[in-house]
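Each of the two complexes below includes chain A, the first together with chain B, the second together with chain C.
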Partner chain A sequence: MVLLAFASVEGGQGQGMQLFWLSVGFGLVTASVLAISAVGLSLQFGITNYINFAYGDFMALGAYFSYALNNELLHLDIWVATVIGSLGMGALAVLLNHFVLAPFARRFHKTFYVLIVTFGLSLVLLNLEYSIWGADVRFFNMSLDRAHHFGPVLLTTSQIIVMGIAVVTMLAVHTLLKVTRLGKSMRAMSDNTSLAMTSGIDTKRITTITWFISGSLAGLSGSVLGITEGNLTPAAGELFLFVIFASVIVGGVGSIYGAMAGALLIGLATEVSAAYINPAYKLDIAFVILIVTLLVRPSGLFARPGRA
Partner chain B sequence: MSGTWYYVFTLVFFFFDYFILAMGLNIQYGETGILNFAYIGFVAIGAYMTGVLSLPSSAGTGQYYILGLSLPFPVNLLLGGLSASAFAVLVALIALRRLRTDYLAMVLISLSLVLYDISNNYVPLFNGADGLYNVPEPFAGALHLNTNSFIPVFAGVTGAIALLLWFVMSRVTRSPAGRTFRAIRDDDVVAAALGKDVFRQQLKSMIIGSFYAGIGGGLLIQFSGSFNPTAWLPGETFVVFAVILVGGVGNNIGLIVGSLLVETLLVHLPAFLPAIPGAPGLIEYFDAVVVGALLMAMLWFRPQGIVPERVRKAARMGARERPADGPGGLVGEDVAALAPAGARAGGRAR
Partner chain C sequence: MTSVGPTGTTGTAPREAALRCEGITKAFQGVHAVNGAGFAVPRGLVTALIGPNGAGKTTLVNILSGSMTCDRGQELIGSTDVTNWPSHRIARMGLMRTFQLSRELGGLTVLENLLVAARDQAGEALWNIFLRPGLVRRQERDNIERALDLLETYGLYRLRDSRASDLSGGQKKLLEISRAVMASPSILLLDEPMAGVNPALIERIGGYILDLKRNGVTVLMIEHNLNVVEKICDHVIVLAEGRTLAEGRLSDLRQNEQVVRAYLGEVIDAGTVR
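And now, the complex of A and B:
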C-alpha cells in the first residue's frame, strides 16, 4: 500500500518533469518567433526613434502574403512562400515609410503625431486584411509534421526549422551590425543621427534599408507564428504585439541584444507558466514581467545610456 | 415609432456619448499631453462596472459576474465612472511616473490588450467572451417604456448628462489647473521648473479623463443592454482619437464637430447600410479603413483640426488677469507668458 502510494507520487513527479521539459521546448519555439519580431521592431526603433504600433499588422500582413503564395497563387512550398512573403512585406514597409511615415516624421517634431499615424496605419492594415481575407481562420498548406525527441524535449520538424530560422536570423543581424559597413552606419545613426549625417552617412538610404529589414523580419515572424500556431487570423499579430513590447522593454528599448535576451526570457516564461496555470493567460505573464521590470529596472536589462 | 426615428435617436445617442468620451480623452491627450492608448480600457471598466452594479445577483441568470447589486440608474453610472478613475490611479502610479511618451504608449497599449485578454477568458469576472447582456434598462419600469420609446428617452438623458459634463469640463479647462495641464503638454520641463508637480497634475488629468471614460462606457452598456470584450480592442481607442483630432485638439466645440463627423456620420451611419451579400462585415472593415485614412489626411492637411484651439491671449508677466467677460471671454493665459519665448501656447504643430 505504502509502496503503491510512493510509486504514484514518483509517477506524478515524472509527469511533472515531462510537462516541464515539453513546455521548455515550446518556450524555445515561442522565443524564436519573439526574437525575430523583437529584433525587427528594435532595429527600426533605433534608427527612427519612434515605435511602430502597426508592427503587429505588418506581421499578420506578411503572414497573409506567405499564405497567398502558399495557398492561393503559386502554391509554393510553405518555406519558400515564407521567404518571398517576408521580403514582400519588407518592400511594402519601405513604401509605407516613404509615402506615409517619413513625411510625418520630417514635418512634426513631436513624437505624438507619428505615433498616432502608426496607430492609424495599424487600423487601416488590419481592416484591409479583414476586407481581403475575411475573419475566418486560415491554415497553411504544409506536409504533416513528425515529432522528434531530444532527451526529454519533444519538437516537430517545423518547430525545429523555425528555431533554425531564428538562429540564422540572429547570426545574420549580428554579422550585419558588427562586420558590414552598412551595419556600422546603422549603429552610428542609432547613436546620433545628426552626427552620423555630418560624418557623411547617407541617413535616408540607411533608413530605407532599415525599414526593409524591419518589415521583412515582421513578415518572417508573422509567418512562422502562423506556422507554429497552426493557423492564421488578421488579429493574430495585433494580439501578439504586447508580448513583443514586453520582450523589447525587458531587454531595454533600442538594444538589439537586449531584444534577443528579452525574447528568450519572455518566450520561456510564457510557455513554462502555461504548464502550471490556465494556458489562456500564458501571454499575460509577459505583461506581469513587463510591470515588474518597470517597477524594478525601468530601463530594461541591457539599457543603453541616455535613453528612456 | 417608425424605424427611421429609431435610427435617428440611436445616432443622437452615439453623438452625445462620444462627445463625453472625447472630452475625457481630450483632457488627457489634448490638454495634458498624455498619449493614453489604453483609453478604451477605462471605458470598458466603466461599462462593466455600471452593468454589474445594475444587474441582479448572478445566480440563476445564466451569466457569471461579480457584484450584482441591482442599483438604480444614476448611482451605478456614477460608481462606474469612479471605478474607471480608481483604475486610472493604479495605472498612473505604475506607468505614468517614470516613463517618457513612447514607452508609456507601449505600456498602455499592452495594458489595453491584456485587459481584453483577461475579460475575454476569465468568466467569473464579466462573463468572459460572451460579455454581459440583459442589463436592465434604466427608468423602463418607472416610466412604462418599451424597447422603442426607451431609445429617444435615453438619448435625451445622455444629452443632458453630456451638457452637464461639458459645463464642468469647460470650468476645469479654464481653471488654473487647466492652464497647468496645457503648460505640461507644451513643455513639461518648463512646467516642472516653474514649481509644478508634473506627476501630480498628470494624475489629476488621468482621474478626470477616466471618470468621463467610465461615464461614457456606462451609458453605452445602459443604452444597448449588453457589452462584450470585442468592443474594446485598441482600434476603438483610435476612433476616440480620430474624434478629437478631426474636430480639433484642446477645445470642446471641436469635440462636438468631431463626434458628429467621425462617430455619428462615419462610424455609426454606415452600420445601418444593408450588408453586401456574400461579404458580411465588408462595409464595417472598409469603414475602419476610411476612418484611419481620413485621420492621416486630416493630420497632414489640417493638424489643428476643423475647429482649431483658440490661441489664448498671453497676459504679460505680473499683469493682472483680465476679468472674464462671460462665457468665451478672454482669460489671461499665464502659461504662455511664463514659458520662454520658444515655447508656444496652443496645440498647433510646429
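And now, the complex of A and C:
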C-alpha cells in the first residue's frame, strides 16, 4: 500500500527501528480501512448467509461517488463528499439487493447460485465504473496534509481522520448491535432467521437495513482507501477484496468482532512484513496467516455459535 | 363473532373464538399432512390438540403460526383473515408459538432472547435511533425491566447474562415460553411443551400455563401426556389423518369410539395415561 504518511524515529534508534515504526503506522491505517470494510461484509454475510463477491466493486463505486461529489459535480469538501458518497452507495446496495440478489436468493436456495450472481454483478459494476470514469487514475481534490508526531510515528492529518473514522465506525456498530433493538434483531436474524420471524421480527426490513449499512460501509471504506492510497482506480476494490476475505475468515466468518480483530491482525502483519520483504508479497502474507489460522482454529479466531 | 363450545360433546359454555381455521389443507409431494382440518379455539381457555403421530398437528401449528403456508383453507385471528400471512405479522397480531424441540437464539444472552420479542418498538427503525433516541431508550429500559421480571417468574433470572445456547434442555423450554410471553400474546401455541421434561418441571410449566390463562391468554397446546391434558386443558381437539375428528372435554372424548380407536386406545395401550 502506497501511503501518504511517513514515519520517523526520534532518538536515532537505527534504520531498522525507523522502518518498523513506519510500517506500524502504515499497518494501523490499512487496518482501519480493512476494519470498516470487513465489518460491512460480515454484517451482510450474517444476515444473508452468502458472500458478496461484488463487495469490492461496492467499495470502488462508493469511492467514485465521493470522488464525483468532491471533484466533478458539487466540489464538496472531501470528508463531506465521503459521507454523502457512502450513504449513496448504501442506497444503491439496497436497490441491487432488492432487484438483483434477493430474487435469485429467493428462487435458488443453494448459496452457490447466488455467489455466481454476485460474481456477475461484480463484473457489471466494474465495467460500469470503466465506462463512466475510464481506466485512468483519479485523484481526490484535497488540501495538502500536515504531519503529526505520535511518539516515533508520524501520521498525516488525513490518516488520523481515517483512523478516527474507523474507531467511530467500530463503536457505532458495537452500539448498534449490543444496545439497540434494531441491532438485536439483526443478531437474532443472523442466529436463526425462522425463529426471529416467529418472534415478530420483520426479516425483510432488517435485510434491507443491513444492506444499507453494509453498502454504506463499503462506500466509506472505498473512499478512505482512495484517500489513503492517494488515488482511485476501478479495480482498487477488487484487489482489496481478497485481503478483506482474509480478515473476515481469520476473525471468524460472520463474527463482527472477529472481523475487527482480523482486520487489525492482517493490516499490521501485511504492512510490517512489507518493510522487510518485497511488498509485492503482502497478499501472500495475508493468505499465509489465513491458512495457519484455519489449520490451528478452523472456525476462525473469534467464532462462536450465533455469530456477532 | 364465532362462538365455540358445546357442540354436543363439550360442557364448556359458548365462547368467542380467539383463533379459528377452516378447511386447512397442506400436501407434501401429493401426500396430505393436513387434509381439511377446521376448528375454533375458545378465547381465554387452554385447548389441547391431540392425535396420533402423523395426524398433522405440528404441520397445522406451523401453518397457524405462519411458519408454513397452506394450500387451501382459511385462518382467522378474531375476525381478521390472516391466512398465509408471514410469521412475523402473525406474531404482531398477538399469536406466538413455541417448538417441539426448543429453539433459542443461541448467540444472544437469555435476557436478549426476551428483548427481541417485545412488540411495537420504536428502536426497530433506523431513523428513530437518531431522531427519537429518548423514546427508544425509554422503551428499551421498560422492556429490560419487564424481561427481568419474567425471567424471575420463570426461574431464569440468574442466567440472564448467559448465552442461550449454554442452557439445559429444561431451561431452554422455559426460555421459549418466557420469550413468547414477552411479546404479550393474546394466543399462545405450544408444541409439546412437556416433551422431554422431568416431572417436577412438567408441574411448573403446567402452573405457568394456568397463570397465562388467568391473565386472559388463549392457549392451544399439542400434548401427548393425557394426565397433563386432563389437569390443565378445558377443551380438547382430536386430529387424525389431517382432519378434525372430534372436540370436547377429555372425559367425554374417552367415551367416543372413533377417538378411542384412532388415538386414545393407542395411548392407553402405551401406558401414557393411567
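General remarks:
Simple rule for what comes next: the second predicted complex is superposed on the first by the 292 of 308 C-alpha atoms of A that agree within 3 Å, B and C clash if a C-alpha of one lies under 4 Å from a C-alpha of the other, contacts with A are read in each partner's own complex, and residues count from 1 in each chain.
Heads up, the rule we're going with is that contacts are C-beta pairs under 8 Å (C-beta built on N, C-alpha and C of every residue); 3 or more make two chains touch, one makes a residue touch a chain.
In this text the structure is predicted, and so the values were computed from the model without any measurement.
Contacts of A:131 after superposition: chain B is touched, whereas chain C is not reached. For chain A, the partner touching the most residues, choosing from chain B and chain C, is B. Shared-chain residue A:20: touches no atom of chain B or chain C.
Look at A:192: by the touch rule set out above, it reaches chain C but stays clear of chain B. In the superposed pair of complexes, A:276 makes contact with neither chain B nor chain C. Once the two complexes are laid over each other on the shared chain, residue contacts for A:139 go to neither chain B nor chain C. Of the two partner chains placed by superposition, only chain C is touched by A:201; chain B is not.
Of the two partner chains placed around the shared chain by superposition, chain C is the only one that A:180 touches, whereas chain B remains out of contact. Once the two complexes are overlaid on the shared chain, A:209 sits against chain C while remaining clear of chain B.
Residues 308 of chain A contact both chain B in one complex and chain C in the other. Across the interface of their complex, chain A is touched by residues 33, 35, 37, 94-95, 98-103, 105-107, 109-111, 113-114, 117-118, 121-122, 233-235, 238, 241-242, 245, 281-282, 285-286, 288-289, 291-293, 295-296, 299-300, 303, 349-350 of chain B.
Contacts from chain A toward chain C in the complex involve residues 176, 179-182, 184-185, 187-188, 190-192, 194-203, 205, 209, 212, 304-308.
On the side of chain A, the complex with chain B involves touching residues 50-51, 53, 100, 103-104, 107-113, 115-117, 119-124, 126-128, 130-131, 134-135, 235, 238-239, 241-242, 245-246, 248-249, 253, 278, 280-281, 283-284, 287, 290-291, 294-295, 298, 308.
Contacts from chain C toward chain A in the complex involve residues 65-67, 86-88, 91-92, 96-97, 103-108, 112, 115-119, 121-126, 129, 136, 139-140, 143, 163, 165, 179, 183.
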